[in-house]
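Before we start, here is the structure in question, set down as structure tokens.
We call the chains A, B, C and D, going by the order they appear; numbering starts again at 1 in every chain.
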């Protein structure tokens, strides 16, 4: 679960990481009021989870109330990168002397926490990582012993902070770890961490919470219940069913069981010249109810010309899958061609159910994928 | 640092370990008032750190206010096992159905935390340990992973608790660990843990804090500053100087540097027929000031007939030791014969200082020990 | 002898009374796995398909000292505790089926297990099967597997069954099939398992089923570069057209340094002589080409 | 070759700018120890007796990659951090002089070091000296030690110097002398060190200097019972007339099961053929009796 900038900054503040003064606004009027409190110049920042917000016009400096009005109006009415804007953050503009980068995350290969820090922060950090990897220092923290003074010392030393700034940065480094642990985050990132005439300030926040930990974080799971978090209606539906769902820009809907098999299904469609409209993994052991919901979700999607269902019955039972397909097709008004591939556990029973409903199916996945492409573009 | 029963029980209460109702009293009158609050029968318990308090009359059941008066008067006036009683705890008497034993400590051989628990608690637990070791279960807790549900389950299971009692005991087991960690304890012991008509109750508390951790526990180190903790005046003096000092029942005072060498010095005195009056280790690198204080401490002790000083100068400098001896002997009015053994770092300089002050010394420790015994009992 | 599980495997099932645990206990028993005990706190004294249930692992091990392997079906919030309990009781091979274990818990657990010399397969994995010895410690469907000389290691579940079945039908049976699990942090990595296959006399060729994300495939390629291709390996990588998945801010990109894409993985494999199939079924053709011991 | 420290030892001094650290750096250098770097947070750039000082161990190791051993003089509240830092930087032998480290910190540190395969000598110990190679990683006075064939292992400081000097004067020089430290939890135990001496060709006999408390001596006796007295051992136990020391409630007594007294230790040693001297000086007589390679 990704947190919005304002949510992350609230947590930063709680852990004594300094952030610019500012206020949250849900309307143009409110944005203007916050700007008057903050003073000019100020910055209006669209609260969206999508990356590259700045370059897409989601961050604007305002020198007057009119500037604020113009910026906020545009954001609220047009959205950013196709995502509607529901809130903007109005913050004081600060004089930036220098921008740093610092984050903590998990390095899955090393199986360790890792701090990343660089003297060269800002929007181009990824490019710096690619072209000058030595400009980014890494300090690993063994999860068995946790953060220790020497780790902090190494990071502070590497960025060359001295005196009061060293002290302030020391506190920020420790706070990142505390936040990581306290909130079961998989990433806590400050980019840029700006050196200003007021000392160090976190100008942006990026915080991702480990989804597997949400059960023990009611502060987030409650939010999720009432908040769509920039998700499309299909994504909200998928989330409610616990499907792993990602929208793509093609036109053949895809359902698989298991992430690997679903990805392979996308690849097969592409291999035979089709364009996947989505990734949808119904997971292991799905019952008819879930299969039906998944299929309806794709039938709802206007872009989808045909659906490819690829199921290998391991824990999942083919009869349940067949039943779900039949129910979805008979209940839902929108009719679209589907290509089903079904093998494994209770395969015969599943096949019988499909046949009785007049739905043909394949046992070979390549044949099924080819058929899906054919019915999507060539008609049957 | 050992805690008094009432101090331990306060911590137990804070961590939701149930203890009997009761109150602390510093005088006979106060004890009577507390007894009236608690009701009868009640128990009057002398707050002393010495073991075997119960058998020595330090715990008395009172059925009336007169009983309380009698018990408290006796404790305050006579002390327990030679230790003055400054406070008594007056507690409700409870109906004991059964007594259990449970504790957590550090097993230095295994290098692990260990829970000890037994169905057979009470005063004879050590005898049970010696004669029926299988009656005491041990559950080790790896310090790298800390207490986990399965450890608790094993202990609860082993004592056979079911239902509500299992739940209550589960909480007690977890609280012991939390107390151990929170207070840097090296022992947290409940003996007996009584099953009563009100459920489980900790009837006694034994808590020892790791002395090396006191610097980060102001709650205890502040107490130590103003409280003599049942120590004799010599022990208080030794504590203030940071000496490792233990009073014994002999008559030859002993000073050494290093615990091993000091113990070996005691053994030598005993080997040659003398009786050590104490163990006093001045530690490594002691300056003249400390040596002087240590020697004065023994000269003060009326039982001491002679003093044996055994120093091997490693970090410690012999000249400092010699200077300390000379100053102590010249400044202090009480004169007692001493036998000095001095070798090692700056031995010649040290020897010169002693000779100039007319003090002879040895380089062989056996000779010096023999001499000490001789001057103590035979005169020179 | 196959790897990780074999005829000497004596299994404990943790979480044996749950829906998954009890179902798969029966299935594993039928397949041939020797299961001596199960655990489920508070359910001690019961039995599941004839297997006795205990409250704690310690009790189970005391009564069944031959147990040397455990499989964990315990729900995510309690799964790490179960694994620690197994480690504490001295079990050296633990297969964790449970999915959804919090990342931080997983991280600490896997670090600890590694230092203790304990093999963890998973979490969030289908388990391990050695068809020649009829030992299955996992949840995979029996039909996909046949005895043979191929070692298969995979990050996925159903895709593994799919590929294994295709290979089985084509006559390429398996020595052992290992699903290392799909979580960001897993006990065994591709390198660990491939090394085991290299050292296993009953394995003559290896199939690696990878997917986008992380750098497990790239690291395997580096490993092969340093030790050599001691046995023929063929591979499939899922996700060529899939989205790059959850992006972890800039940090993810910095750590992965451009690794993680299907192209990066395919390039890494091909550079060390591991051909990569373009569809799951094409694995069979590659097997015919590379595994020359005949069928 | 002696044990733990030898002519290949390249030393880092942690806490080199403190009173103890700077003094003993000079003394160790004079003795012959090869010290390449020291650390002291915030003091990077200084030098102590010509040894360069760095802020972090990482920096020191980057500049002096031959460093393979560390000695820690850092004050108790920061000592564990220093040891973790050394372990993190890959140093495999660490001598901890610092006294007064909190028990719980020590417990976790030692458990971790053990799993990581790192040798910790101490804490609260005089260190290690191998007189034949003129390498000293510790604070013991040079005068007590002479090159020779005896390995000495001890829980105490001054008493060790005393006994070593007596042996040296009698012609029994030492291969290595190890002070394992006086804290309840130590990195190396008697068993670890005696095993090293058994495997060291330059050590022909072993002297164990024990004391009351704990069961390190009894466990050594059990170890000898199982592996045999592979080299002659003689011992001294301090504390025959000393008080039993701080009693840890009943728990201490239950854990020690009657072990810990001088009688228990002497009996344990004698039962496996290790004679125990009644005074420190008597060790010399036992040496003459047991160490027959002649002087």
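What we mean here is this: a contact is a pair of C-beta atoms (placed from the backbone, for glycine too) under 8 Å apart; a residue touches a chain by one contact, two chains touch by 3 or more.
Values in this document were obtained by computation on a predicted structure and should not be read as measured data.
Student: Could you find the chain whose CA centre sits the greatest distance from that of subunit D?
Tutor: A
Student: Mind checking the centre-to-centre distance between subunit A and subunit D? Centres are C-alpha means, answer in whole Å.
Tutor: So the centre of subunit A lies 54 Å away from the centre of subunit D.
Student: Please tell me the distance, in whole Å, between the geometric centres of subunit A and subunit B computed from their C-alpha atoms.
Tutor: So the centroids are 59 Å from each other.
Student: Between subunit B and subunit D, what distance separates the C-alpha centroids? Give it in angstrom.
Tutor: 28
Student: Scan subunit D for residues touching two or more other chains and write them down.
Tutor: 108, 112, 115
Student: Among all residues of subunit B, which ones touch two or more of the remaining chains?
Tutor: In subunit B, residues 142, 144 touch at least two other chains, as defined above.
Student: Name the shape of the chain contact graph, picking from line, ring, star, complete and other.
Tutor: Looks like something else, not a line, ring, star or complete graph.
Student: Between which chains does touch occur?
Tutor: Chain-chain contacts present: A-C, A-D, B-C, B-D, C-D.
Student: Write out the stretch or stretches of subunit C touching subunit A in their complex.
Tutor: Subunit C reaches subunit A through residues 76-77, 100-104, 107-108, 110-112, 114-115, 126, 139-141, 143, 154-162, 165, 182, 184-185, 209, 211-212, 214-216, 219, 236, 238-243, 245-255, 257-258, 278-281.
Student: For the complex, give me every residue of subunit D touching subunit C.
Tutor: Spelled out, the residues of subunit D in touch with subunit C are 115-116.
Student: Going by the contact rule at the top, pick out the subunit B residues touching subunit C in the complex.
Tutor: 140, 142, 144-145, 148-150, 153-154, 157
Student: Using the touch definition up top, name the residues of subunit A that touch subunit C in the complex.
Tutor: Going by the criterion above, the answer is residues 51, 101, 103, 105-109, 111-114, 116, 125-126, 129-130, 133, 136, 142-144, 181, 184, 186-187, 189, 191, 206, 208, 210, 212-213, 215-216, 246, 248, 256-261, 263-264, 266-271, 276, 279, 284, 312-316, 343-345, 364-366.
Student: Give every residue of subunit D touching subunit A within the complex, in rising order.
Tutor: 41, 44, 55-59, 78, 81-82, 84-85, 88, 108, 112
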